[in-house]
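Shown below is the structure under consideration.
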């Protein structure tokens, strides 16, 4: 303990030096300085990480002086107390203290653990506002607030048992499993469950007990009531824009068989050029200049970044809505369809009364989806990017093929749905009419794979020219084979049933 | 529009400066200069990409002055008009204008869109000639001109429907689906379907309408009648040799379950060393010096590149035939076999009259395949590379194991074929005797996976020492399990059939 | 031949220059010098690779002078003859000559081919001793010496045949297949099978003939009787620590569906930060400073490396035992369980007399496994690393979730086991009671996938926060679906059986 105190004194002195030198003429606020003095010792990795961030090297006032296109701060002005210091620990972890149910007294400060979009909005209000229109910000409620998706989630996570020749699912799923499974990406609900004292190197201290923690899911429900987690894409304390521009960030949630976006990208020509050349690219530049800073798009280029030409013309604007260049939602549920109007998809009801964006037979629930005009406008916006490096004919051909693949994959989903309906009608499985889960039997799970894995993969491959993900790598080959397996399963099951 | 004109004037002035400075003493031809003046504005990404290429920085005459081993141009001489200018837009896009059905009048030039191997042969005749012997150059015809493979292609791509308890396949497949699926890698047939006027920033202009466009498949049928697309591996306007030497290029088409070459490489010791060290390697050097420029081979090292030792001895010569160090075709159809003699495999017929390189029971259609002597010569050539870093005993052991695995995987394909034949004989499925497709039923698709996915994966793993791709990752585990599933399917199906 | 001799003379002169210059003041031993003179010509890649190693640039005596935390040599002293020369060919390939059955006379030297942990222990005794406690060092015997695992191995590798409507497995498996399959990673048994003369560039020479060669498996049985292969992770002649610290090394054996550690890591936040930033990290530094040399852990960080804070405090010690921070063995056999006490798991017997660490129903064979106290100690050690960058609450939440997932995945394995037991009891398959292999029928293979693929993947995802590998990418989705497929298979099989 004595050694620890001596170390802390040394750190204090060192930190004072760091304070004046780290950020050049810029100052670390006194509050943040106090945080660093201990945490440099207690969680050194966090402090080191922060030192690599732009937050540690500039102040909001300095950031506001940059030319508009180079500026990554969107507030017109920031609170006086923050303006001339770098953005340190206290600036974020003590902001909006009263709104945070996770605020606790910590060495004289009102600190909260979970920094939220509202906290970030102090300097980045436009990004936070746009993100609110991003379907990802509603990822928690869109999954758990939709009875059908909720049921699918349970069918994945519930423990099963086998008794008397029959399988059964547990009625409930523990929250740890949900947080480790679907909600890992969708976001958990982080709530304060109490206060607990713990012995620390500084003596006993009290800390809030949080449910659903840790989590960095895109639709996290935060203790201040906000939705989302900026650290999903701008990870940890470097808050890096460069990391968010690289495809590895998106891969955290978009690599599996349900959304193989990263895998498709990586076998595309764009992905090849990225892998071959990215180490020579500039991922820090704002605006991001096509052809100069990068020679092939990443996920961010097409869906989020401010991209300009070398002559300074804006090709596309920055957006954290991310779907405003997407005419279609190609992630089938169960069919691909025009993009939903609202980020909150739990409000959708089709004609059959199901909370789905299409009927079971594929017709869109149009009143909840953007119309053809908006679709055309979004595609036109996306095409601007393509045209920086490709001819009109090239781009037109690409989009024709993509939209054709949306149509044909929906047809293959329809064929699978017809087999499923036959299974329900003939009593080989129990479905909607029997008020049974539509996700708990083998044929139902095969049906889900038809759209969730194979049709999705084929569409992502078409969208990004990712070859085999539309053929043998979970593409058309599997759509075709799965149908045969479904039909045979139905034959086998009916045969067993008839005999009994 | 006025702003656009001002910009274009500025670009013109800028381009004039670029013209004299970009390539040092080297000039951009007047024709290419004219292209750049507009396209720097219209498709800036293309111009920027070209600027990074060696084409923009040297002239054919300069290239011819290099020592033979360092030279990447194979023509003895080039047309006078091209010799002393850098290789710009016009040099390629106006070459051989009369041969190109896609040639059109464009601002006074006879421009064609699709640059072909014949155009590249102006400076690189040897590479183009060798590529003609590469089985990849015939990838379009080898697939679509072989009735069996064509049928398999249709079974993958055709829309299916389910009526009266039975699945059916659509009789035809739309060309957009084919271009988005198999032909994406194999190459489409690019044909001129007319001329269409379009409003552009420069006023109304006419452009040819192309079918099968865009496409960069290795066996593309071009509007000048040639086969192949150099940009498959030397992408876009940087025409990079470095990119072609990196494994990401091959991964575009060789990563899926049918040809998991990239995946296997990446878990091999070679792949590990590549991933760990490639950023320190020199991918631009010619010749490519083993141990100095790179410390583990990539795909290109073994199959294409000119490799030398530090003392200047040639270890292996450059080849765009790529199969001249391959004794075997390990991509089973349905069995692995000695490499075909001709790149055009659609000419092959086995004794049973099927267009296959082996009988259904595995015996090779020998007259179409290279003989044991040629096989030995090719293996000897490959071994030269191995021996630069490995002992004789090491290399001998590796090849013994590899050839043993070819034998055993063929045996496991034979076992699956016997199950399939039993299914046909007993009426559980319809096959050759019933003049039915051999790819449209579940058991047939399981049979295909036995050789196309599992035996192939196991062989690639053996070829490159890629561990788990020969065991649990689509390897022997799946060969073994798939057989059991096939036999059980047959039992179940016969049971259903007997009852009916 | 004459040219070759001239070259060799030139090489001799060159090598003399290299000798005095390569390693600064440090000398290459005369013996190693002789090796290099020929092998620079015969296997230039090896010599080049060695030149990049630290072995070529320092001597044991120099290495011993380093401060303790920076030292990568663990011997207190080394034999005099080796102390002041760099570690070259002869230092390793002639060490302990009498212990090596593969020692042979080679140009006057007693050379052996297979360098073993015992040879490395001359300078690195602590690492070798620790590695002996690593379960990986016993990987050969743990697989081949356990009758159940041996049987599973055969069921994967044996050729199958189909006759009279029935599948059969070959009784034996050839050694080439085993070496190309399971033993590729587990390690082969390398034995001297004779001596053979071969014509070389230097005239006829004799070399030992080795079985099981080449191989670099982690549990290789060496000709000197030792177990393991340091080159598994410190590849080839660069013996790089940097390579071992990168995840690609572990990926060689830990990427497949049975142990998807690499894949899980790559979609984790840690993996994202690695992929985005590793090119700026220092992989050569000893000790490895968290936050400074790297900003997210790799496999080595958590399982092997000496990690310190910037202030010089040791966070965790270096270990080649690698499991001393692992409380659990999450690689299910068939259930996850407390880590085995001994690296030799072939000694384990459960109450039912099976060589398994748990009963078939999941209860641990506790006497062979570490107790709760040791588990807590190992977890506490691992947590030290987490806490360098994460708060106590974060880390506690992570471990709670991880241990919950161990429990729930074991429950899902139990459900699958119940289906399997029902299949055996009802005669749908033959199992233990029938003294039949428990790995040779479809339902048994489905059961294996339940724990080997899906439960394992889910646990690795929980351990490293790898999202979809616990859900759709071989995770809970597949555990759930596989159970339904198993139960249906049982129904179908019983139906067929009853009829017969």
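A few notes on this one:
Chains: A, B and C, in written order; residue numbering restarts at 1 for each.
The definition used in the following text is that a contact is a pair of C-beta atoms (placed from the backbone, for glycine too) under 8 Å apart; a residue touches a chain by one contact, two chains touch by 3 or more.
For clarity, every value in this text was computed on a predicted model and none was experimentally measured.
It takes 120 degrees of rotation, in steps of 5, to superpose the Cα atoms of chain A onto those of chain B. Judged by shared residue numbers over all numbers used at their interface, chain A and chain C contact each other through mostly different positions, with under half in common.
The mean-CA centres of chain A and chain C are about 34 angstrom from one another, to the nearest whole unit. The set of chain A residues that touch two or more partner chains comprises 279, 492, 495. In the complex of the two chains, the chain C residues touching chain A come out as 266-269, 271-273, 275-277, 279, 290-292, 295, 309-311, 387-394, 397-398, 400-402, 404-405, 408, 411-412, 415, 418-419, 422, 461-462, 465, 467-473, 475-477, 480-481, 483-485, 487-488, 490-492, 495, 498.
Per the touch definition, chain B reaches chain A in the complex via residues 7, 11, 41, 43-49, 52, 113, 155-163, 165-167, 174, 176-177, 179-182, 184-185, 198, 200, 207, 209-210, 213-214, 216, 235-236, 238, 240, 242-243, 246, 248-249, 251-253, 255-258, 279, 440-442, 445, 452-453, 489, 492-493, 495-496, 499.
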